[in-house]
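Below is one structure; the comments refer to it alone.
We call the chains A, B, C, D and E, going by the order they appear; numbering starts again at 1 in every chain.
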Amino acid sequence: MELYARGRHLLRDQPGLVVVAVATLLLVGDLLGKLLGDGLTAARFGGFVWDGLVIGLLIGLAGIGLSLTYSILGFANFAHGDYISWGAFSGWAVAYLLAGIDRYAAGGLLLIGAGDGPAPGDVGVSITNTPLSIVAGLVVAVGFTVGISLLIDRAVYRPIRDADGITLLIASIGVAFALRYLIVFFFYSGRQGVTDISRVPSYDIGGVVINAHELTIVVIALVLMVGVHLLLQRSKLGKAMRAMADNRDLAQVTGIPVEGVIRTTWILGGGLAGAAGYLVVLTQGTIAYDLGWLLLLLIFAAVIMGGIGSVYGAIVGGLVIGLASRLSLIWLTGDLSSFAEPVAFGLMIFVLLFRPEGIFGGVSTA
Amino acid sequence: MSSDQFQTGRLTQFRELLERSDAALVLTAMAAFYLLFLGIGAILNYDVAGLISILGQVTFFTAVYALIVLALNLHWGYAGLFNIGIAGFMAVGVYTMAMLTAPPTGSPPGLGLPVAVGIVGGMLAAALVGLVTALPALRLRADYLAIVTVAISEIIRLTYNSPAFSTFTLPGGIALGTGGASGIGTVPSNPVQAIYYVDPSSAASGTTPIGAAIFGFFEAVFGVVRSAVIVDLTYGLVLAVVVFLVYTLLARVGNSPFGRVLKAIREDEVVAKSLGKDTNRFKIKTFMLGCALMGLAGVLWQGFGTGAVYPQAFRPELTFYIFIAVIIGGAGSNTGSVLGGAVFANLLFLLPQYLPNIIEQTFSIQADPNNFIAAVGPIAAGEIAPLLGYILNQRLPALRFVFVGVLLVYLMQNRPEGLLGHRTETAAAVNLSEGHTAAEQTGSDLTAPEGGVDDE
Amino acid sequence: AGNGGGDGGGRTLSQGVLMPLSGGLGNLGQPIRDGATLPFTLLEGNTEFTIDSQVEDTQTDPNAGQTAASALVDAGYPAVTGAAGSEVTIQVAENVFIPNSVVGCSPASTSPAITDLDDNNLIWRTPPTDALQGEVLAQVASENIGASTAATLYVNNSYGQLLSESFASAYGGTVQNQVSFPKGASSYSSQLSQALSDDPGVVIVIGYPESGVQLFRDFYSEYAGETPFLVTDGLRDSALPSDVGNAMSNVQGTAPLAAGPGNEFFTTEYQDAYDSEPGVFTSQAFDATAVCLLANAAAGENSGPAIAEQMQAVANPGGEEVTPSTLADGLAMAAEGTEIQYKGASSAVDFDDNGDLKAATYELFGFQEGGGVETIEEIAFSA
Amino acid sequence: MSETTATTEVATYDDSLLCVRSLDAGYGDLQILETVDLDVADGEYVTIVGPNGAGKSTTMKSVFGLTTYMGGQIEFNDEPIHGLRPEEIIHHGIGYVPQSDNVFPSLSVTENLEMGAYVLDSVPDDAMQAVYDRFPILEERQGQKAGTMSGGQQQMLAMGRALMLDPDLLLLDEPSAGLAPDLVDDMFDRIDRINDDGTAILMVEQNAKEALKRCDRSYVLVQGKNRYEEDGDALLNDPAVRKQFLGG
Amino acid sequence: MSSESAVDGVGEDSAAINAAGDSGEEPPLRVENLRKEFGGITAVDGASFEVADGSLTGLIGPNGAGKSTTFNCITGVQEPTGGAVYFNGSDIAGRAPNAIVNRGLVRTFQIARELAEMTVLENLMLAPQRQQGEALYRSVLPPFRDGVIEEETELREAVWESLEFFEIDHLAEEQAGNLSGGQRKLLELARALMTDPDMLLLDEPFAGVNPTLEAKLLDRINQLRAEEGLTFLLVEHDMDIIMEHCDPVIVMHQGHVLAEGRPGEIRNNERVVDAYFGEQR
């Protein structure tokens, strides 16, 4: 009786929550049925989960930077995806150069095989084969992206620092166009293989195949996330960032060096974007000028789902988006498999309907 | 009065005219664009038919951009609804039109209904999808709404793109389809063809009496045998009329108590509510009206204008182009929207397509290195031709986008309010300063009783 | 416009080229453009005729393609080599070429939908229709590979959809799954796992190198790599194995064979001019331009309908043989009214009344260790 | 009672801490202040009163480098400070408490105070303790999010933050606005004490009666110009001033 | 002032005020056991009070007592956690703000919320209720638009009058965002009055308004009460105003009503002095 009354109450007050709960139950039930029956092998399920985790971590990593700049500078940076792409291209140009300089001309290597440059199979870049060049590439990817972030901030955003968020957002669309097609200008517009898949060892863990590059990514992503967490928790910088997100004018009046904090924000955001872009290529094995742009909407979905300004929100949002886009394939088979991405977007919209501020909205955790 | 003085006098007069009359402003701008492109045609040695064709294209693209920029201005300029799902709403409009009107025997099959039903159906469908989008819109902050709309637009595009609905059967056994990634190629032909051809779907079917007369005239006077260019130009002019009608409609919406509430919602929705306005209803109505117009723009542009519907035409980039156009013109101003559409269509969309030809016409650069290093390498040896060849022959399309991006940044830094956004256009059906004694003498004689329609 | 022809006293032959030089097919389109403009280079200084040409970029986009095509038509080009992607070709044909009576000859669009265009004989193409390739694929799958079950993985566009269908209807065995994939995605794992889920005897992959690289990378990193694969012309890219990073020994493919009498000459000239191997559809592009030029010379005027009327006459059997190496002479003969037949770089170029090739030779190819494509078998086919 | 129209009549103070001369300032192209003169001596307590829109807040902001500088000079401790950025001005020893939105709502009380000392390498413990001693309620509420505190508490927090660097001059823009009467009194008492401890005060107040009662000297600002300058009580008793600005 | 106010007959103690409800005449505003919680914070904790017809009732209390939150709950800007709000006899708790305004209950905001990028004129033109032209079709279709234009012409007159009264007519064409703090408060008040309400809730309307103008505005409020029977509920920290003009006065403390009564009683109520006035005077 008591239960019934409570249930009715819940249904009236939080219909959305009830729908979500019921839908989740149904899906989990169906999933269990599939796993116990022979609709889905544990290995395939595990594969989906692992894939979802890897892509989710990358989205989360890239999302942290977007989230930080979003809350501190007050605008949605549509060029973030193209920072990611530049991170990928700059990093891999160097990784290629180091891995192949003993055998090939520098030009073709620096352009990652553009024109008549050497093929990836010949250069042979992989974490086990050329670990040093991979690490050097990562460092360059981070450094280069930090560089362009700062340069663009100086040239584009700083002169209009006081403009409203929409003006800045539209300027960032301009930056996005310019950056993306500058990649085409210097490199190429297709998709090109980069890593040497024949030299990437993989491990079979309970039927789930995990390769060394994916492991590398997970490790690096986690290290970077923990690093950012510590940096923001332990230093007064994190507080200054939150203060600026609260009220930039007051921060200025208080004596917080506003420009300095903004610069740091770009360094963090750009660096993480560059790292994410570099690592995305490590897992995909291919590189394309629009790789960041293609990820951008998913990253936005993750950031918004997690709540703008929240570092943990971005990470959680990234994981949710990553897992949702992979696990949905359990149900979306055949021609419907093209709906994996719409499912991720749909999920974001759904979350916003019930939590308009995002999962971690209102709680700044930077 | 010396002729010099006379000239400057004329010039000031003209400038004043432009400031006062929006019609003069738009017409002058269009005249300039027509001249520019006629000049380009002349450089490229076009014959009369070619010149008519280029004028037709200028008219067509100006009109379709103006149309959709106007619709966006209603959302963004007036109500502050940050809709970046424009491409999706256009897609809904044109797809619905195509699916309603495509022949049932075609591949994919359609319903074979009359074109008029298709147009209205397309607008209604876009409005309905707008309604569904507006429901979350009511709860969300501007930038969240933006992400939701772009997500919905992507969902729409991916749905049309998906093979799942390539063809499907409705419950009643009627077959219908989106054509998946190959789209719908059997869109009904452009309605203006009915003026000229006996069977509007085929130029070979013979000309109507009007068609015969007009084609005959052009052939006799200008020696134009390509009748298609005349049909295209006609369509452009029809679209210009549509733009005028939509402009009038939106000017009235803006210059009215309705528009005033929209403006208030843009500024502070809680205040609008606390002044007794049912903001949700205003937002929904506005969103639906704007989406219907976007659907219409989709039908007129991607449907009749190009004769086929493909999902890839509705990528988010299209939305950004429209946004760029609205910014160029100045958000909030309808005249600015038309101008912004014109500037974008002509200077950023069409002109770059002709630019390579003009450059090639002037200098011929044979060098054609296929990568950047090969292009810059020779510079050390003092050779600049490879780089130029690389730029012109290999990377000009990419540089066009770089240019668009840089221009956008420049605009945001130097003229964020756009060409006409600085004009404060008071949202009221009458001139508010009038009626007050102190302000009476200023400009009251200039104001037409209809308020904004012509001087917006 | 490269005004070739030097001091020749003949009239001007105008020929446009419309190709995707940027966008999704940009990488594919650039070499095809090179093939299409090679005749201009070869003829320069060797003929009485002045040749006027112009290249336009479709950006792999139907809308931009339409504007680009209009630019060619407005500039007075009566015939155009192009376009490449089937969507763009159809769109441009219906909205620009046909209404303005301009000849379009595509060197790369293989969609069966092009056959049925209501085109006043204005639209032609030098590669065979995929209706044929579907049959070739089916034959190879059952006979050469001996598979009784198959799955298809096709790129989600007109090319992929129709070719997958035409394979499925021609195939004698069971088609277990037809899985579509989007162009340019960053992972194809899920599509692969679906296609492979019922352990098919062969997997047909219809797509372009851009997606192929990713797809085969995903395949080799996640599966043992033993299932036989069959790819189509779109994936006949000698760089594929090295881009993928695998020898791809389980993969074979079918493609229209570039086996015209003039192929050898074409290959050398192409290498000379561009310093790289001719790619897929480059020889078809050469032939498309060559036939249009010949028809133009025969027509005696830069007029679309007149050229259209001569297309079959200059290409189909009967008369003096003209090959890529004798193109200059061919133009002179055509202009004089001599009956000629063009036998090209890709094929003998014999048009039926729909503007399609009457007969085609396909090759079954495989990838070589260390890059390169080798022909395993030639399969002749006639419609 | 002296009506000052030009700089000449303004008494010059040799020991002037803040010295504003012929200041023109505004927002963008819009000029608000016209030849404003202002002096605050070391340890002095000065108020600015005037009708709404007179430019009082603008004057404060101008001293702190937050408006568009258009001419004239501002000297602090005999060094020109016009054209400097706020964080530099803070280094010179000026604290500023804006009229509204003057705390960081999502930061805790302690964090808000820490921000006040951001320009230093580390937060001086004694400074923090001094603020707590002055405003014990803040010590009680150390961990509370500033945004959830009441209006009066926020006002104290804002003042505490400005005091973290122990400035020589404190700019206060309507510190009593919106406070309950007990807090108004309390606030003025606290300001008195801050002043007694040696910090010079420049304050804008609409609660002119109270402000004039307590200050050493006052300026009346009208339409961006100095109108009167006098010690507080004198202004309070001036019938013209009463009528025009103090509501009779 | 208070001598001529409509609540003259109210008895000496607060119970008598409540009696007004018993005497058969429903007061325009009755708040019953109103509650509002934010997460852990209870901002309004069971507040109950009434506002008599035509009165200028004062609502005072320490900072954070819940006055603004009470306003927000009454006017629908926030949804109350519990309790009821009766306006002219019907329960309006939880209704949309616009619905409440339509019934004639209007409020101003403590921190003025001007529509920054609209002119002062537009701000005021927005306020009148039930404008014909707010229907889309009427604004657009020719046969109806004439009526809209006529109505706009009439509203314009009223708006200019109001501007002149509030002494901001020189700012008519100015963007509201460029006004000074005090000017914004004036605009806020003028705009609320333009809605032609039956009852107004004013949240510290005079904070930051200079005293001369303040006196004039109070005169106007009293005039509106006398001539048009408007009812006012006023939050104010300036005790001079409360004592001189308000009757009765309701004192809130920690979310509930601590006391209510005539200003004189309140002044001397020990608990109120403790909680609110402190050692002042």
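A few notes on this one:
In this section, a contact is a pair of C-beta atoms (placed from the backbone, for glycine too) under 8 Å apart; a residue touches a chain by one contact, two chains touch by 3 or more.
These numbers come from a predicted model, not from an experiment.
Common neighbours of subunit A and subunit E under the contact rule above are B, D. When chain centres are defined as mean Cα coordinates, C lies farthest from subunit D. Interface comparison, A-C versus A-B: the higher count of C-beta contacts falls to A-B. Of all the chains, the one whose CA centre sits at the greatest distance from that of subunit A is E. Averaging C-alpha coordinates per chain places the centre of subunit A 46 Å away from that of subunit D. Centre-to-centre separation of subunit D and subunit E, using mean CA positions: 31 Å.
Note on chain placement: the centre of subunit B and the centre of subunit D lie 53 Å apart, centres being C-alpha means.
Here the CA centre of subunit B is 35 Å from the CA centre of subunit C. Among all residues of subunit C, those that touch two or more other chains are 22-23, 156, 180, 182. Annotation, chain-chain contacts: A-B, A-C, A-D, B-C, B-E, D-E (touch as defined at the top).
The part of subunit B that touches subunit E in the complex is made up of residues 249, 252-253, 256-261, 263-264, 266-268, 270-279, 282, 285, 289, 424, 426-430, 432-436, 438-439, 449-451. Here subunit A touches subunit B in the complex through residues 75-76, 107-108, 110-111, 114-117, 156, 159-160, 163, 165-171, 173-182, 184-189, 297, 300-301, 304, 334-336, 338-339, 341-342, 345-346, 348-349, 352-353, 356, going by the rule given at the top.
Considering their complex, residues 75-77, 96-99, 101-102, 106-107, 109, 113, 115-119, 121-122, 125-127, 129, 131-136, 139-140, 145, 148-149, 152-153, 156-157, 159-160, 169, 172-173, 175, 191, 195 of subunit E touch subunit B. Residue ranges of subunit D in contact with subunit A, taken from their complex: 64, 66, 86-87, 90-91, 96, 98, 101-107, 111, 114-116, 118-119, 161, 165.
Note for the complex: subunit B touches subunit C at residues 41, 44-47, 49-51, 53-54, 57, 107, 161-163, 166, 180-183, 185, 202-204, 226, 228-229, 231, 302, 306-308, 310, 312-313, 350, 353-354, 356-357, 360-361, 364, 370, 394, 397-398.
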